[in-house]
Every structure is written in structure tokens, then in C-alpha cells.
Amino acid sequence: MLLRSVLHRSVLHRSAVLRSALLRYVLRRLAIAAGLLLGSTLVGFALVQAVPGDPVAANLSDQALGDPAAVAAFRAKWGLDRPLPMQYLAYLGNLLQGDLGTSQQTGRPVLADLLDHVPATIELVLPAIVLSVVLGTAIGMYAALRQGRAGDQAVRVGALLGLSTPQFWLSVLALYLFFYVLGVSPNGGRLSPQFSPPPRVTGMYSLDALLAGQLDVAWDAVQHIALPVLVLSVVTTATLVRFVRSAILEVLRKDYIAAAYAKGLPARTVLLRHLLRAGLVQIITMTSLAFASMLAGTVLVESVFSWPGVGEYAYASASALDRPAILGVCLFVAAVYIVVNLAVDLLYGVADPRIRLT
Amino acid sequence: MTLRSTTPAAVRVLLAATLAVAATACTAGRNGSSGSSTSTLIVNTSFVYKTLDPGRAYEQTGYVALHAMYDSLLTFTGTDVEEPKPNLAESYTASDDAKTFTFTLRQGATFADGTPVTAEDVVFSLNRLQNLKGSSASFFSGLEATAKDARTVVITSEEPNPTVPVLMAMPASGILNRKLVTQHGATDGEDAATADKAQQYLDQAAAGSGPYVLERNTPGSEIVLKANDKYWGTKPAYSRVVIRNMDVQNQKLTMTRATDAEIALDLSGKFLDGLPETLSISQKQDTVYFAFLNTDPAVSKVSSNPKFAQAMRAAIDYPGLAALFGRGGGTARGLVAPAYPGALGEGEELKRDVEKAKRLLAEAGLNDPSVEFIYPAITYRGVDLGTVATKVQGDAAAAGIDIELTPLPLTAFLERYRGGKAPMGMTPQSLSYPRAESIVKVMSPGGVNAERMNWSKGYGAEEAGAAAKEFLAATTDAARNEAAVKWQRAMNTDSPYLLLASNSGTVVGSPAVTGAEYTPAGWTVDLAAVGVKK
Amino acid sequence: MPTTPDTSPPAELLRVERLAVTLRGPRGPVPILTDVTLSASAGEIVGIAGESGSGKSMTARALLGLLPRGAEVSGTMLFQGRDLSTLDRRGRQRVRGAGIAMVFQDPTAALHPMLSIGRQLTEHMRAHLGVSRREAAKRAVELLDQVRIPNAAKVLRAYPHQFSGGQLQRIAIASALAARPRLLIADEPTTALDVTVQAGILALLESLRAEMGLGVLFVTHDLGVLAALASRTYVYYAGRIVETGPTAGLLRAPRHPYTRALLEARAEDGAVMRPIAGRPVNAAEAPPGCPFAPRCPDREDRCEKSAPVLAYDDGERDGRRGSACLVHGTGGAR
Amino acid sequence: MSGALLEVAEVAVEYRDRGRGRVRAVDGVSLSVAPGQIVGLVGESGCGKSSLARVAAGLAAPAAGQVRFGGRPLTPLGWRRRPRAEVGLQMVFQNPYSSLNPRRTILSQLLDGVPPDLPPAGRREHALHQLERVGLPESAAGRYPGQFSGGQLQRIAIARALAANPKMIIADEPVTALDVSSQAQVVGVLSQLVRELGVGMLFISHDLALVHRLADETAVMYLGAIVESAPTRRLWREPRHPYTRALIEAIPRAEPGAGLPKVLPGEVTRPESGCRFRARCPHAFDRCAEEPPLTAGPGGRVACWLDARVPTPERKGA
Amino acid sequence: MRRPLVLIALSVLGAWLLLAVLAGVVSPYDPLAQSADTYAPPSAAHWFGTDELGRDVLSRVVHGARLSIPLALAVVVLALLLGGLLGLIAGYVGRAVDEVIMRLTDLVFAFPQIILAMAVTAAFGPSPANAVLALVIVSWPVYARVIRGAVLGIRGENYLGIARMLGVGPITVLRRDVVPNSVGPAVVLATLELGNAVLLLAGLSFLGLGPRPPAAEWGAMIALGAADISKWWVSVFPGLAILTVVLACNILGDAIRDRFDVGHR
């Protein structure tokens, strides 16, 4: 390490090297992401092959099953008459053209199904992740700064409680309490019945309604979003609080924080600039992890809140053993995860000059 | 909310029986006290939907919408399924041998675009239906439609077939606007299964002559219909119908608060408890639940023993099972659901006798028999089949029978069931069209369904077979109904089928609607018949 | 050149009297410093020597109010006549950086890895001196020139990982000097560096002292470094001062056995490296009596019973020899 | 150098550095150690001395050159058990806390290196004897590393190496991590060993003063190469390479009036060509644009054009 | 405050273990016994009420411990073994092997746990064994990474090199020096993951992918109760059971981590 730093010191004067280093970093990340994407198609494909049941038997009526022509037509349509590697290659080929196959359940292209379900999930996950990050960072920092005191203890216990609550149970409780008993929240779903979905731009009702100037629809959509977002945020916030707390505690022990105080900087500057900045890389990492776990959480939460999102679709596909849909969802989710990770890696470069500049 | 077993899938379970599956939820919402226009009817249902192409659709939600968009030659009105009524055909005649049927088309009926409905459209639609080789095509096999003139259609059947008029009332035989759909890739040729490209178009547009046309279709979320301006008949009461995907739980909550025109199609069982008195509830017992036993000793020494079937039949707590289904449930009588012609009458309910069950087991030399019991892990009509299976298990345990439950995803269930290797299992069944014909065909010895239990001889096969033969030979509805009763009694006496209970389809209407009636005809509710309460 | 007081009497910057620090440990209070009395003047480099755990770094942190939470401080710490322990938060902020600045042992750890050098040089400058961004940047360039970092303008935009340890320590010193402090506490600033680099830092500190009249409190474990740099030296052992005096005299004729042992354990040409028996203790582990007694070659029975106090040759403290030894010291037992 | 125990011949060590290709940390270093001899290797951090130590000990393979131990080429550690003959080459590391497995008793770790040909009863005896050698009580054997101070651990690490009856010990900064008081103890143990057991030792340190105290022969490394090597006394008294001189002058002396140590200007940066010390050398001249060879003479080896023995390069047109 | 918390957590977990062992004795009813008294709200006869088949919710909650706790333990132990082995190999052997194993963990990480577990159980059919299998498949990479990290962390430790130089074979070094010094963090992680495993298992059961009916499994019970949220007692009590077990596991895991000072993953 020392050796390296000695040999690299003169880098400062060689901006060409610098730029190519950044470029190489980005390219390497991209290559890894691409490899992972390819790998995830293979895993997904292999997984779906393990799904039992002859899709032909599951999808044709008995009459049709008795008709060899109908069976052959079905097999040809789904490429089931070719050997597995060929099926995989065909799948990859279709994938490259944006064709994820057709859901056996809905009879629609999986991509179209996903495009319908994804915005609904984004509408939940995006506010939930923002809320969690803001709350998690603030509370985590607060706890770290009051380490060992009552406030810290309360936060730690609260975070543990949040982590230990089953999300689906919390959803049921929340719905029972806020809708059934108190009546302050709307029931599940994305919109109250008296409203029609706004014209589709993003697919997110609240946003689309705003874009269309339908304030009442937007407000109704927001009301529907509130409860599932809160439930989703509980676990993620708890996770982040714990991560941020320990990350900040680690930074607090660093000399450069003592140095910042020793320079006579106001506490606020030290907290917001020095402490938070140093914890940033870790917070970004944790956020990406939290994002992945939140995507998973949507399966359970969406199912309770009747939310037609990706989680719901994933569950429906899995219970119906709808192979193209299962594969589609898996790939979609994996792709999101990989892309988020790529983004995080690239963000590291922005957040941490050590990555950016070497 | 979606539970472990609510599954959006429509799957054919039996030859002539549908298993419509309660679906996952989607857009749901509190029924606001204000806002919605009185001319909009909201239909809350768990979507079971694949397409709005009449030739391809086979699912409950699709049928509800299709019946409102596509007129067929005949139809059923209200909740009555005894006698097909005129629709696009103002009258029809049948030959004595039940092989030739002549339909005369109504004058002045037009499609939504104003084109008149002609015999050619009818022939095209029926040919397309058969050649698409979709799920309902088989019911129409052996039929041939010809246009005698612009207003006359003759349908001939190879076999004597008194059910042809009933088939002409099915949503599948809805008449399409030939000119319009051929422009969008439809064909009625032999190769329609591959050559027909009209499904995408039909999913987003209506090409029928029904009281409603399609305004918008968001699969999985909602189907919006609007009144057909050019409708030839009486205008429907509501100018707009929103069929929206909502799981059962939310349907209940929504209906509880509903003040506007709103109906729910999937509230059944316990979900009907505690609904406000002001709501209308219409039910028809059109589904039966039965267990089946494999008669092959190689599969199971236990289930293949006819005495075991008898013991099970005596062990089941029929009223208790029926109670699981709430107010729509009925104590088991016969394999033909009470809503249909030919059902067994009241007083023929099956009875529990645990002592008899134990005695039978002892006679059969079966000590603490244990047997696997498969069932689809879904919720059907608001009842988790797992709960039903668990109840059966509990009842059997009281008689000393150990049942090992194996819930399976629907497709996996079907595969095992069809594979003929499952020792025992359970499934609900309702009819694709309101006649006993199909179940008699498939469940009698030698039928597709009976073969899955390897049931061809013994185990009461002779008596059941004879009753089935008698049924199929009958050329009138009345004769067939009589034969169906006989057949069911035989099946209840000795067969590898254990009838468990019957259950109802339900339509719940808000106080603002009238005529929200459940029909066992296939389309659940006639949307055009729903009225506004004054 | 070793420093000698200027012709005019130097202004006293720092006066610490009977400083004691106790930390809160898991099993009750832990003494860290006991009865520390020292002073430093402008234009003077004062050395604090001792092994790890002797409390020399804690003295530095106590002066800046950077002790861990729960630390208890007694005694007085006067900086330019003001008692540091009575300052409020704002007052402490003003003293930190602008009055007393600090340079840490490991320069790679003491600079924030994700903030640019420019920001770390200027942020407190703007707070303390009220200068504009532009002026601050200008001053930062001057400072970098002063600590002999070439290419100053470019360096401002760079980040710490792009520099070697020696360069970083210069930058850290520049940063410490940014708000024109009067006293610089250098806590083992060269321990992590190579000898050739260390030589540069020592020369830099000496020139800063000479040119700016900076007072420096130089903390180290290496008496050799102090020989070259410090006019006066305090030797710490187990959280207290065991010997003090002008550096030259202290090295020439160490009085306390510990000072002598430290010198003899050094590897230097000619001399034999003589190990000190046992191992160093910190204030909390110190036995009653003289803390060095268990390791002391000249130990007498009384050493284990009573603790010696630091006593001075003629009662006047500053600049005078003093040692806390019952056997060789000037003072007696407490 | 026929009697050499350890011979390092033209060894190079390279690191693969992401995005920068290969980095040469050690660039053609040769040195040898005879039985009973202590060779000191001095250099500042990053000069490659630790990389060289690992290669010399067989922990890593050199990128070029060869290491011979007892006349035979040394096989770098791989997936096979180390040949018995090479167990005679041992190493003591800088960080004593990392040199012992914290979860095994001292005895069990001492037994690791005890020659297998000893009878079972003698093995324990042998192990305990090593503890005694480094001045620790036998009772230490049953304890765990966590119960010892750094200085004690370093002595245990030495005992552990001794258990294998080594002929040669490579000590890589063995006292740098220790307190002043422990340093002297460990240095004492090491020098005593060489005297008593006649083993050879390569003593690596950044502390020229320490090497001066201990080594018979001293080699000075700068940026991956040896710039000067000579008998320690001579090297200390009249350093011939400017870098050696700078090193010596930078050492602060705990003597009254010693004055500030001399400052070596510049940074450790390898020039594109020529003498690697050229940029910082106060005496650099034209010729230094070419790299001086390490040339042997009566008083040792030196790589500097200033030294009279270094042959004048034949330059075209000069 | 930490200590009493740990004590409470210990006693809660102990109580659950005791309940699991003594379920047959302490539960007032047969958890599978059906009765006509369906959906009875909590009362003196049925403290936690009854469910849709008239089964006693209290008895089912108590018996649920018998399923959830051992299954969660199985998940954690198997994942620790599998992940530990792969992580050890990756860290110790390094190079290509390491690369392959780590990319494999990346791949598994790319699929959110519950979704991958769902797909796996969908593929192999719902059953306790398959739920465990699915969760092992999705959770081993965590252990692999932690162990690999620990191995890499100690790979720089001199005692490994010294042992090899003393003539000890690589496998012996692995066994005596590498394993004991690298499993610590993974074992600590395992205690933290125990609660997580309970949650995931309950989640799978909630989706119908766990033990078969009529087994009393907490997640499945919540699902049944959620079918009609007005019968709150059917889902509230099993949920509380999960909450207490998971919370106790997490508190203990935290305490153990603090004790052994092992950082977050």
C-alpha cells in the first residue's frame, strides 16, 4: 500500500492518466454489470427449467390436449420443441430485442405486463426509499452522536423493533387499524373508485395526475400510497438507522474528525460536512442494499395492499408457475439490482476522490 | 388482500367444467361517498382474464364483459337457464332427431359501427370459433353453420345434440362484425389457429352488436365499457360500466360503504356475513366440490378399496362443510349443481355416519389408513381450498382416517391429477354451459375424468355407465334431465367420486342498483339488465 | 539550532497548573493524567517526551477540549491568560484553530480523505479570520509555499490520497497554521514518517518558530528529536511529569532514572542499547508510590511507599531543572 | 561468497497494479548472508525491502532472479508442504501480534516447527527450551498470545522460529512496532542468537542507527535497488553514496547541541531514466542521466558515478 | 439498559424454546382439533380466540414455535455450513476460484431473497424442507462473503506464513489457523440471521409456500387471519409471536456482536 502511494504520488500532474483511470474504472464496472446480467439470465433460465409441470398440460383444455395439432402449435409457439441450450439462446436472442416472451397467465407480452406493474412499484419504492434514507440518516446520526445515552438506547431498541416486525403482518395491522377501525386511510389499491387513472405518462398515478392537472386524483393517489410506503419504510429505516449509526461511530473515531474540531469549526459544519461526507460512501452502499431488500419487501406488502406492482406480479406468476413471467420478473429485478449497484459504484467515484482519482 | 392462495389464472379442470379462480387484487379503493356519476356502474371483481376475443376467451371476467359487448343468437335472461331465449335470432326450430337447427335473424340488429348483422357474420363467427381451436372450440365440434340467406342460419350436428341452442347462447358464440375484424387480421379459415391475428385488436375494441362497447381495457386492472349508441335493443340503464380488479377482501369493504351504483361478483362465503341489509345479494348454487379416489391398487391400496370410498362418504360432515362456504353453501346432493337442470332435489342430501364409516373401514380391513390428498392451493369463490381440505381431513380423522394434505400450485395440481397417479384429491367444478352433458360424459367410466382415477370397471362402474348411456341417448332436455338424476344417484351410491358440498356464485349489489342477479349461464351477471333504483 | 530565549522575555502563551484528567471507564473512573504542570511561550518549542500510554497525547487533547465524553478535568489551563476550562462553546471554537492548533501523528488519518486540500485549508480560515473565499484561497497558496509544497494552486484542488506522508504532514501543518494560531501542538508529528522526511518537518517547525514567533508544544517518544528542536523538555511517565528542564541539560545529565533509561535504550552509535526492565505502565496501572519504582535500577524501599512530587532546583519552575525522584531528585515525598 | 547460506541473485519483485500494469518494487537486487553473519538491509518505507524479504524467505516467488538457500534454489511456498531442508530458513516479522495465532497456546505453536525426527517426549522439551533461550519462563507455554505484551510476543515469535533449528533468520523490522524499552530486549536476543548459534541473519530495518548497532554488513536500498553495501563500520564512517550520507545525517541524536538533522530535499520519485537518486542528489551531474552500476570494490559496493571505482561509462561522442 | 434488555431477550427466547418443547403439555387444546365454534373472539375459554375452523389460536401459536424455531435454525446452520465452506475456499484458494464463487454470490444477491425463494419453492413445490432449501440457497452468500472477508483479513497475518515456513502443510494451516480465526464473524452473523430466517420463513408461509396445512405455522396463520381482518385475533397473535422471537434473536445477536466486536457485514 505504502509502496503504491509512493509510486502514484506524481499522478497529480498527469491528468491524462487520471482521466483514463476514471474511464477504466467505469468500463470495468460496466463489464461486471454486463457479466452479472448475462449470469442472471442463465440462473433465471435454469431456475425456470426446474419448475415442474408440463406447460402444455397446464395451458390447454383437455379437448385441445387431445388434438396433437394444437399441442404442436403450442409447443412451437413457446419454443418447447427445441433442445434446452437452443431454447436459452432463443430466449437470449428475444431478450436482446426486448421480447421477454408471453405470459401464460395473462396472454400478454411479459414486457407489457412489467411495464404496467413497474410504475406502480416505483410509486411505492421511490418515496419509501427517500423517506427511509432521510429518516435513517438523521436518526442514525443522532444516535451515533449520543452514543450510550438514553436517546441512543431508544433509537437502538426502536430500530431493532422495526427490524423484527414482519412486514406482511404490519401491513395487515396498519390496514386493520387505519382503514377498518379508524377509517382515516383508504383501503388498498392505487386509486379510489370514483377516479379514473390519469393519462399515462410515467405510469405513476400521483405524478401523472399532477401532470394532467388533476389535483383531486393526485391527492387521492397520494393517500393510497401513504400507508404502504410507511410500512415499507419501517424496516428499511430501521436497517439504515443501524448502519448509519455504526458507520458514523466509526468515522467519529477518526483523527480527521478530531482535527476538524481542533480547527475550531462549528459543530454543525463538522457534522454536515466532515462526518456525513465520510459516511457517505457507506450510506450509499447501505441504501443500495436497502433498495434491494425493499424490492423484496414489495412482494408481501403489495399483496396485502392490493397493489398491482411487480411484487404482486411476481407472486402471481410464481403461484401459477407461469414460466415466462417468473423469468421476466427475476430478470427485471436482477437487472434493477445490477443497475442500482452499477449506479452506486459510479456514485462512489463521485463521493470518494480516492476512487475517482486512482 | 391477496392471500397465499389467490391466484390469477383461469384454468380448465375438467372436460366440461371450469374452475374459475378468484384472482389477485388490483385497483381497489374506498367507495367514496361523493363523486361518481349515476350513469356509471362499477363492477368489482377479482380478475380472471386473458382476452376479450370471444373466440379465445374462456375466463369469468372476460365472459362478463363479452356478454355485454357481443350478442349471440340466443341468450338466457335473468337467472333462468332452462330455456334459451331469442337474441340476435328472433326464433329457431329444431329437427326431431336433434341434428338440424334453423335460426332466423332479427331484423334491424346492427353492430356498434352501424353495419347490419347478417347470417354471414354468424357463420364467420362460428367457423372462426371452431378453427381457432381455443378452449371452448371443442363444445362446438361436429357442428356446421351455413347461411341459407341473409337472415337464416342452419346449424347441423353430426350427433343428436339437444344442447345446440344452449351453445348458441354461450359468450364464446358471440357474433363478430366480420368486415371489421377481418380488416384487423381475423380469419375463419382452417388455419385460423395460427393465421388469425385479431386478438390484439379485439382486446382493445369491440366488434359486436351488444348493448355495450369497449371504452378502455387495462389488463389486470380494469375494463371500461360504454353504452353502444347504435344498440338495436333496449338501451342499458348505465352509460358506462367499469369492471375493475379488486380482491375479495376489498370488495367486501367497498360494498359495505357503497352508496353509488356498484356491484361485486366474488363475495361469497363468510364475506357475505355482516354486509349491510341494504345490499342486494343474488346467489345460485352452480358449483360442486368433490373429492376423487384413485381406483388403481398400484397407486394406493387404500383409495382403490371401494369400501374406503364408502367410509369416507360416511365420515364427512356435510352440513359442516357447507357452512364453510357461508350462506351460499349447500349440503351435498349430486354432481350436478342445484342451479342446473337435472340436479337432485331437496331431501337427497348426503348424511354423516361416523360409526358406519368406522365399521366400513373395519370390514375392509383398513386399520388407520393413510392417504395423500392433493388439491390446488388457491382461493375459489372466497374460500381457501386449503380450509376445505383441512375440514375434510378433520372429519376423516374422526373416523380414524389419516389424510395427508398436499397443496399444489394449480398447474402442478393439474399435472398430477391428469397423470392419474394421485391417490386422492379435491377440486371444485362448475359447468361451462348450463347443461349436465359434459360432466356425464367425462365423469362416467371411460370418460376422460374417470380415466384419471383408472375407473373403467368395478367400483360401481357398471351402474354408472348404464345411467350415462341412457342420458346421452336422450334427444330432449326433459329426457336428459331425468336421466341425469338417475346417473347422479348411481354415482352417489358407488363411485370413486365423493361429493363434498355445493356452493353459489354471488352478485352483491349496492342499494342504488336493481336487477343485479347472478346467473349460472356463464357470464355471472347480465350487465345490461342491471337497473337504477328509483 | 536549538532555541534559546530571545533577548526580550517571551510572552507566556500557555500555563497549565496541576492538570488532572480522569476518564469514565466501564469499571469506574480511570486516571489518565495526574498533577501536570507546564508552560509554553511564544517563539519557543517545548518538548513532551514519553512512551505510549504516558498521557502526553491526552495533555494535548485536554488543551483543545477534545477529550472523550465523560472526561473529568481539574486544575487550570490558561491560554493567553484565559482559563480554557471555563470557556463556552463559542469561546472554545475561537481558541481552537485561531489560538491553539494541532498537528496529529498520522497525517494520512488526520486529513479528511474526501474533502479537497483547498477546502481543508480554507474552511476554518474563513470562520476565524472572516476573509472572503478568494482571500482564503490566496492565503492557502501562501501557506503551502511556506511549508514548501510546490504547485500550490493545483494542490488546492487535489485530495489527500494523492500525496505522500511527508507532504501530507506539511499540508496538515499548513492547515493548522491557516487561522494564525499562537500555539501549535504537534502530537508525534514525525513518528509515522521516514527519517529523511522527519528532518524536513523538524526544520519546518523550527523555521516557523523563528519566523513567526510560534509557540510549539512538541510531543514525541524520541528524545533525539527533542535534542535538536526543543529548548525545554518535560518527560512523562504514567500520566505525570517525572523530569523537566532545558533540553540540553536534561540530556547531558538526566536525573530521573527513567530519563536515563530512555536514553540508554536508544540505538545510537557507540553506546550499548540497554533494555529497561519490565514494561511501561499508564496512569491507571501505576502502583502506589513512585510509578517507575518496579522498573527502577536505583529503587529503594521508600520508593514503593510514597509518591515523589516534581520539585525544582530553586523553586521557580520555568526553565529550571526539576525531577520527581526520591533518590536522585531535588524534591521530597508528598 | 562460496560459503553463503542465503544468496539473493538479481532478484526482481513485481506487483500487478490495477489500471497501471506491473510495478517493479524490487529491481535486480543481489546480496548474500554467511553463517554467523548479520547483514543489515536499510531503506525507507516503500523502497521494496519488505517485498525482498518475503521473496528471500520463500513466501513469494520473484519475478526474476533467484534465491538460493544452502546452495540449493529455494522453492516458493505453494500448495505443498515445505521441504525439510528449507525449514532451516525462518523469518521474524514486524508485527508480533500477527505472528502468533491468538487461538492456539504458545506451546502448540512452538511445536509447529520442532523437527519431526525428535522423539515425542523430546519435542516438548525442545519447544520449552526455546522459550528459555529468549528469556521467557516455561509457564508461558500454556498461555495464549493475548496474555503477552508486544515485546514478549516478539520474543515468542523468535522462539518459534528457533524451534525449527534454523540456519538462517530473516528479520523484517523486528522491533519497529515495539516500545523503546522492549526494542532493546529483542535486539539483544537476536544478536545473542547469532553469536551463540552461528546462524545467519538478514536484518531489515528503516532505522540505520539500529542496523549500525547490530549488523556486520549493511546494504542501503533506495527505490527497489541497492545503492550501497559495505561493512557496517565503514559505511557509517564514510558513506560513499549520497543517499547513504543523507540517511545518516537525518538521524536525530540525543546529544546536547546535536542540532537539527540535515534535510534531504525532494520526494521519493523514480526519474524516467538514469540514476534513481538523481533528482534529490545534491551532487547530480550530467553523467547521472545514465544509471550507475552497483560496482564492487575493496570497501564494499556502491552505485554512484562520484565514486572513483565506478567505471566511466563509454559514451558516444562524449 | 443494555444488560436488562439482553436478559429479557434471553428469557423470551428461553420461554419460546420451552413452549416449543412442552407445546403438547401446555397448550390448552389440540392445535388441529376443529370445532363448531368458529371465529370466536378471545374469551376465557379461548384466550386468543378461534379461527375459521374453530381451532384454538393460542394452541396453534404455541405449536407454531415447534415449526418456526427449528426450521429457522436449520436454515441458519445449513446456510452457515454451505456459505462457510465456499467462503473459506474462496478466501484461502483465491484467484480464479475466488472469482467464480464471488460472482456466484453476486448473482444470488442480484435476486431479492424473497423473490428468489419464491421462485425456488415454486419450482420444487411448497413444503417445509423446500422452504428451508430455498432460504439456504438465498442466504448462503452472506456467510460466504463474511467468511471470505475474514479469511482475507487473516491471510495477511504472519502466523499463516510462519506456520508454512515451519513446514506445516496447507490443509493443517487451514484447519488450525485459518478456520478458528475466521468463523467468528459468521457465527455472530448467524445469530443475527436467525431472526431474519424466522421472518423469511413466515413470509414464505404467508404466501402459501411453507409447511402444508393443517400445520400451525405463524405466517400461514396470519394469512388465514388476513382473509378477514375484522377477525383481528387470528392474525394478531401469531404476528406477535414472530415479533417477540425475532426481536429476542436480534437483541441477542447484537449483544454477541458487540461482545466480540465484529463489524457489520
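Residue numbering begins at 1 within each chain, and the chains themselves are lettered A, B, C, D and E in the order written.
What we mean here is this: contacts are C-beta pairs under 8 Å (C-beta built on N, C-alpha and C of every residue); 3 or more make two chains touch, one makes a residue touch a chain.
All values derive from a computational prediction rather than experimental measurement.
Under the touch definition stated at the top, chain A and chain D share these contacting partners: C, E. Of the two chain pairs considered here, C-D and B-E, the higher C-beta contact count falls to C-D.
The most central chain, judged by the distance from its Cα centroid to the centroid of all protein Cα atoms shown, is A. Computed centre separation for the pair chain A/chain E is 23 angstrom, with centres defined by C-alpha atoms.
Averaged C-alpha coordinates give centres for chain A and chain B that are 40 Å from one another.
Computed centre separation for the pair chain B/chain D is 89 angstrom, with centres defined by C-alpha atoms.
Our note on geometry: chain A versus chain C, Cα centroid distance of 52 Å, whole angstroms.
Contacts with at least two other chains are made by residues 5-6, 8-9, 52, 172, 175, 180, 303-304, 315, 318-319, 321, 358 of chain A. Shown for chain E are the residues in touch with two or more other chains, namely 122, 125, 206-208, 223, 226, 229-230.
Each of residues 45, 267-268 in chain D touches at least two other chains. Those residues of chain D whose C-beta lies close enough to touch chain E in the complex are 57-59, 77, 79-82, 84, 87, 89-91, 93, 95, 98-104, 109, 112-113, 157, 160-161, 163-164. Taken together, the chain C residues at the contact with chain A in this complex read 61, 64, 66, 89, 92-98, 101-102, 104-106, 109-116, 123-124, 127-128, 151, 154-155, 158-159, 161-164, 167, 172, 175-176, 178-179.
Across the interface of their complex, chain A is touched by residues 1-5, 7-9, 11-12, 14-15, 24-32, 34-36, 42, 49-51, 58, 133-138, 141, 193-194, 199, 218-221, 224, 242, 244-247, 249-250, 253-254, 260, 262, 377-378, 409-412, 414-415, 418, 442, 448 of chain B.
Against chain D, in their complex, chain E makes its touches with residues 156-159, 161-170, 176-177, 180-181.
Taken in their complex, chain E has these residues touching chain B: 32-34, 36, 39, 52-53, 122, 125-126, 205-209, 212-214, 220, 223-224, 226-230.
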